[in-house]
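Have a look at this one.
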Amino acid sequence: MENLIALLVAAPLLGAAVLLCGGRRLDRAGHWIGTLFAAASFVVGVVLFVDMLGRGADDRTLHQKLFSWIPVEGFQADVAFQLDQLSMTFVLLITGVGTLIHIYSIGYMEHDERRRRFFGYLNLFLAAMLILVIADNYLLLYVGWEGVGLASYLLIGFWQHKPSAATAAKKAFLVNRVGDMGLSIAIMLMFTTFGTFAFGPAFEATGDTSEGKLTAIGLMLLLAACGKSAQVPLQSWLGDAMEGPTPVSALIHAATMVTAGVYLIVRSGAIFNAAPDAQLVVVIVGAVTLLFGAIVGCAKDDIKKALAGSTMSQIGYMILAAGLGPIGYVFAIMHLVTHGFFKAGLFLGAGSVMHGMNDEVDMRKYGGLRKFMPVTFVTFGLGYLAIIGFPGLSGFFSKDMIIEAAFAKGGTEGWILGCVTLLGAAITAFYMTRVMLLTFFGEKRWQPDAEGHEPHPHESPKSMTIPMIVLAFGSVFAGGFFSIGDRFMHWLEPVTGHDHGHAPVSATTVTAATMVVLVIGVAIAWTMYGRKPVPVVAPRGSLLTRAARRDLLQDDFNHVVLVRGGEHLTRSLVYVDHTLVDGVVNGTAASMGGLSGRLRKLQNGYARSYAVSMFGGAAVLIAATLLMRAV
Amino acid sequence: MSATAVHSLWTRAGEVTTAAPGDKFTAPTIEYAQLAPVLIVVGVAVLGILVEAFVPRRARYTTQVFLTVVALAAAFAAVVGLAAGGYAGEKAQIAAMGAVAVDGPTLFLQGTILLVSMVSVFTFAERRLDPAAHGNRVDSFAAQAGAVPGSDSEKAAVKAGFTTTEVFPLVLFSVAGMLVFPAANDLLTLFIALEVFSLPLYLLCAVARRKRLMSQEAAVKYFLLGAFSSAFLLFGIALLYGYAGTVSYAGIANVVDGTVQEIDPALASTMGNDALLLIGAAMILMGLLFKVGAVPFHMWTPDVYQGAPTPVTGFMAAATKVAAFGALLRLLYVVLPGLTWDLRPVMWGVAIVTMLGGAIVAITQTDIKRLLAYSSIAHAGFILAGVIAASPEGVSSVLFYLGVYSFVTVGAFAVVTLVRDAGGEATHLSKWAGLGRRSPLTAAVFAVFLLSFAGIPLTSGFSGKFAVFKAAADGGAGGLVVVGVISSAIAAFFYLRVIVLMFFSEPKADGPTVAVPSPLTMTTIAVGVAVTLVLGLAPQYFLDLASQAGVFVR
Amino acid sequence: MSFPLLTATAALPAIGAIVTAAVPAAQRTAAKWLALFFSLGTLVLAGIVFVRFEPGGDRYQLTESHAWIADFGVRYELGVDGIGVALLALTALLIPFVILAGWHDADPLETKSSRWRPTQGFFALILMVEAMVILSFEATDVFLFYILFEAMLIPMYFLIGGFGDRAHAGTDENAAAQRSYAAVKFLLYNLAGGLIMLAAVIGLYVVAGSFSLSEIAEARANGSLEMASSTERWLFLGFFFAFAVKAPLWPLHTWLPNAMGEATTPVAVLITAVVDKVGTFAMLRFCLQLFPEASKWATPVILVLALISIIYGALLAVGQRDIKRLIAYASISHFGFIVLGIFAMTSQGQSGATLYMVNHGLSTAALMLVAGFLITRRGSRLIADYGGVQKVAPVLAGTFLIGGLATLSLPGLAPFVSEFLVLVGAFSAYPVVGVIATLGIVLAALYVLVLYQRTMTGPVGEKIGGMPDLRVRELAVALPLIAVLIFLGVFPKPLTEVVNPAVQHTMQDVQKKDPQPEVEAAK
Amino acid sequence: MNPVNYLYLAALLFTIGASGVLIRRNAIVVFMCIELMLNACNLTLVAFSRMHGNLDGQIIAFFTMVVAAAEVVVGLAIIVSLFRSRHSASVDDASLMKL
């Protein structure tokens, strides 16, 4: 059974290779090939899952070593896979959602002449993401980590002719690289501390290691997670990443890739458990991002960017949970999975809306679409209910668990975290309701575009709606399925461990509080956007609104400090290189030339002056000889 | 020196003189065999004079060329015979009543001089480069050197097909002097040899066919400065004689070392006066440094190299340097080893300013012959570094360098003779632009020579430079090696400039043409290239030769 | 006597050079095919060397030793260790691509003079460089190495100065002036370095009395050759200076952008991917082996210089407006990594540095050659003149991107393996250095992606519209390189196996042990 | 007569000769100054010969005279030809070649 693990990766990798190298003759069948390979991977995943269920809870980890990758004295990196319950969860999520989105893309990308390549990239992404989650050591994980970064780069910039897309892709890759730097330093630290960076031996060695080192490793891993999962302070790329085709946003920037940071932290639980300081920072980052994303999500008029803010915020929840340690690991992953369903569904819905609206993204130019695209409305609505935590739906369970876990952290910390999560839940309810109202309710607000084409909203084709429906099912039922009898907790516990913590308030109280804030959030949104007509042009808004529209000024900060500063730095360095470093060399050459020119003048053509030189030379010669003897 | 002491010496010395018995004269013995190379050359030179007098004008050129080549070849054969006979090693001895030393360095240098002269003579004899004047093929020399440039008499001479075939006996005389110069074993022979090879060179400089004013100017400058320097040399000889009471190298060396057998009172007095020794040694050195073209006695070099007929320049640059360095070596190693520590700083100084000065001033030169002149100055500096090493290794490295350098130099100047425009040789660098496009082979050959000058590995120049620097470093002159390395880097710049010009510049529309030479010049160039490459890749045989030859007889 | 395999690997291209040069002017195409044929033959021989080399065997294998210049104490001694084999293979592998990529670069513009044979010269010079570089990787005699180290400058000089990039922005005269400036700068810089090394070579002989690497190393090891530490340091500096110029290390790097910018792209590849490797190779082989103590003494300064190179090169690459200069500065950054790996003096660092040499050669070749194809199409080197190429020539853009990704060390491609090893090696010995060097990977992403974005994406630029995609010959250059990059990225074992023993030997030379992991040290 | 005075005289003559070379423009005069230097050498040689009581110095002096004569021949030939083509015997006029 172990030997099947490599097949998980091999299938989409082969698909990518075939599609990208195949050339134009595959154009007509490319999307089917891509989907087929993704589905094959999913099937392998399911087979492995069934096999895993058949074994005992402690016997569920599978290993497969393919070959020795980088064998250097004292440094062993293998291409080896490890499939345990945590990895399995991700494998199913990735291949499952991935396959659905492949199917969706068949319709969505129908008119794109480069559709074959799009599927090639998607397959490449699946392969990289699978490597990321089934690697048995950090270096191979790093391969997947950068691989998804590459796929994300290619897909965000898929419409390269748009400068904004190309810029966004570059930005995403760069910001991710900063995070990657953290991961590579973490690996180096592990190498010097543990002498290895394979999961098993490294986690075993944590007991013998000083807390300082572990904290350092933890913080570096957190930096990596921040980059990949768009957490403060490396969150700025996610909004721009919405330049990519919507299926990409759904798959990569909502359901799977961005959650890799959560995976990393949960996977490295052994390290974080022994480094409470690092955990504290993780929690803080999660809490800050949770609010940050939510606030940004409130202000955006671009439907995808609003959803992106929401993604950021939801991952903040997960990171916060992961930072809580064994109390939260399971819930982090659980929220991750449910979020994968409903957020992918929301994005697909948004894509469907855009598909019907000539790729218009401004929600202020939507309105009343429920009549035109009922399937989208229903699936989107279910996703909406799930995310705000409507009782009984997926988000209700998973988010509630995290809020409880936050309180269970105990002490002042627990209270603060609990309140923050509650506040986040309120804001979530607000901005999601806003999106819902602006898009599907109210009057139609769209106008003809510059060329006079009025959009004709229509329902999307089957290939798009079916994945949306499937995901809607997930959004509705996954949470309940996981939570009933703590199924999910028991499933993951052998890997992550679990701890109930000391909740200062009862679960019921928390649930009640959650309900209250939810209603408040929805109500505010209703008063602002449901009761009166929405202006097509956004009002100026308060200072906070304006700041939130600009991603709370973080991009401006980046622009001024990093971009401008960097430009000045490189420009002045170019100048320095030219004038100073090179100048010294050229100056030496020039001064030689000058010296030569001056000395040359001594050769004035007059025989008598030559004689003077000889005479003088002789005199010096004699004088020097005599002087030497005198000395 | 106090006056009274000398006065008393003077009187007593007088007594000794009067007491000298008159019956001690014995007939001198001359080892003709050992002197054969010199004698052959001188003999044929005299014969050449007779040829000028008695052979009809039309046949003179052929006769002279034939005689000269035969003489040089025979002399070279004699040198080889002597070396094979062991005179370079165990049988090395002083010949001709102590006037001449026949030993390893002598034979090596004589052999080098003879071979270099031979290939130079080929360029002298070249008659295909200039367009024929009035149906007569002409060489690089004036039709009638005495005629005023541009005058009717000159035109008449050209029309009549006159040529200055006297250059061949002149070259032979000069070669004869050069053969003796490094072999000279007393100061008198040194001086006479110097004059014998210098005087014909003064004349040779003056007889260019083209640019005659420059040629004459070069001759005047060379002559006046040369005579000036030989006056210094002679004064130095007089002082050394005064110091040691003898002019024989061995005798002086003994006095300098203090190992002299019998010390008469006069000698005792002068011996005590180091000023005589030091000033004398410095002035002789100056005379020799003038000949090798070391800074600050180098000022004649660029002007003379530029003005002289190019074949003469090549000959002069190569052979003179060999002979002069040979004499310098012998002087320093045989006569003045006791002064090594006194002269060392001075020689260091000269070597350093020579290396740097030559290299730096060359950077801005615009005439190829002047450029090569400065290059020769820089090379003199490198060789001086080896001379200073003061070890047998130093000697052999210098011998090797001289051999290497002379062939490359002759070859390089031979190439210069090929590049011509309407006014004769096109020596201005701007004219050389794009030569690589017009005649890649010529340019490539010249580039090989330049690379060898620059000391790029796999050329003979590198082997030589390495040998010299290694000897210098071994001899404790590491500082000189560093300076040498720096000036090599500077020197590389101007060699490269020429290469850049030849290969990377677009040819000018009015650029020069490259004449197709006769087999004579081709031989010269081919020998140069062959020596450059062979001694670059496999120098071992010649290094062996040089190191076997590296011991002076006393 | 067995067949002198190592000599043959150098002799074959040398013969090829002579044969190619002798082809008559009219038979240009024949000369090209001949050159390709000879370079492929060399590749075969290099392959045999690679196979015959036994990683577990003696340190130097396939040795040859003949008397050469006894007076200088010089022998013609050849032998390869794992590092030499790896670089030998790289060189032999790259040259055919260089020749193929430069297929039309030296076609004469006008055929007025029948004697002017630039094409023959171009390919002959490339083969000559190959011969010299290969021999320098094989030389185990310091003098022999030095000779080749210097001599290879000359053909390189003619390649840079004689065959310029036809896509020069300025006028013809301006182009010629820039070109000869670049060529002269290249030569003088390297010659100056080489001459200083010459002084040190002579000094070494004075001290050691031999040029044989093995003899000196043995004498040093058994204590029969004592070297005063000041002497050793001076000699080390003499050697290191020359190698640092060639490598090139900040602040001796300024010749590289000029040379790479002005040369044709195949020649630029030859410079950075092949010839410059001799410098870093020599650091590893000569500096560390001959002067272990001095190497350790100089380590702090060299590490700082390497760090500066990494960051400075990358920042300057970001600021460039010329594609080729950008790649040149990127190379400076990469050479910083190589030097860092060498002087970190850990097994990982040195293995990484060796792999880095190979991988950087491959990645730069891929990036630069494809960039060359691009530049030839548009006739400009300025980044600003491009845009939207991806739309009209997707294969070109794709190969360019892969070359770029290799340059930024994306995992899965060969350079990642080496870069990570270097970083780990540096980090385990000098954590702060390792962390700062890691910044380089962010900057690498910046300059590569900015380059890609500005040239390949966005609206289709002026004069880009009709640009043809890669042709068969160009594909034959790009695809195999990419294949090798991917192969070595996924499965670098064949290389590491060969390199590891050599690195262990070097580690013994400098008497350094890898730092122990904290966990084990605690036990 | 103190013999060392001969040496002083010789040195003086040599210096006068050398100064003449440096100062005078006319090539003939310059040449004569060189001859003066040579003769100063002769004087030194002869003086030392007397001092040491051997004949070497005197013999050298004879050789020097011959050499001087030869130099005159060659030198005058060159100078005269220069004069004929330039109508000037000034060494300063002969400065076509410089730098």
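First chain written, first letter: the chains are A, B, C and D, and each begins at residue 1.
The criterion applied here is as follows: a residue touches a chain if its C-beta (ideal position, glycine included) is under 8 Å from a C-beta of that chain, and two chains touch if they have at least 3 such contacts.
What you see is a predicted model, and the numbers here were worked out from it, not measured in a lab.
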Required steps from chain C to chain D (each step between touching chains, minimum): 2
Any chain that touches chain B and chain A: C, D
Innermost chain, where centres are averages of C-alpha coordinates: C
Far-end chain from chain B, centres as C-alpha averages: A
Contact-richer chain pair [B-C vs A-D]: B-C
Euclidean distance of C-alpha centroids - chain B vs chain C, Å: 45
Chain A and chain D, separation of their C-alpha mean positions in angstrom: 96
Whole-Å gap between the CA centroids of chain B and chain D: 23
Distance from chain C to chain A - Cα centre to Cα centre, in angstrom: 37
Multi-chain contact sites of chain B, meaning residues that touch two or more partners: 220-221, 224, 228, 232, 302-303, 493
Two or more partner chains touched - positions in chain D: 18, 21, 30, 91, 94-98
Of all residues in chain A, the ones touching two or more other chains: 589, 600, 603, 605, 607, 611
Every chain pair meeting the contact rule: A-B, A-C, A-D, B-C, B-D
For the chain A and chain D complex, residues of the former touching the latter: 600-601, 603-608, 611-612, 615
Chain B partner contacts - residues on chain D that touch it in the complex: 2-4, 7, 10, 14, 17-18, 21, 27, 30-31, 34, 37-38, 40-41, 44-45, 47-54, 56-57, 59-60, 63-64, 67, 70-71, 74-75, 77-79, 81-82, 84-86, 91, 94-98
Chain C partner contacts - residues on chain B that touch it in the complex: 437-441, 451, 454, 456-458, 462-463, 466-467, 469-470, 473-474, 478, 481-482, 485-486, 488-489, 492-493, 496-497, 499-500, 503-506, 538-540, 543-544, 547
Of all residues in chain A, those that touch chain B in their complex: 589, 592-593, 595-597, 599-600, 602-603, 605, 607, 609-611, 613-614, 616-618, 620-622, 624-626, 628-629
Sites on chain D touched by chain A in the complex: 18, 21-23, 25, 30, 91-92, 94-99
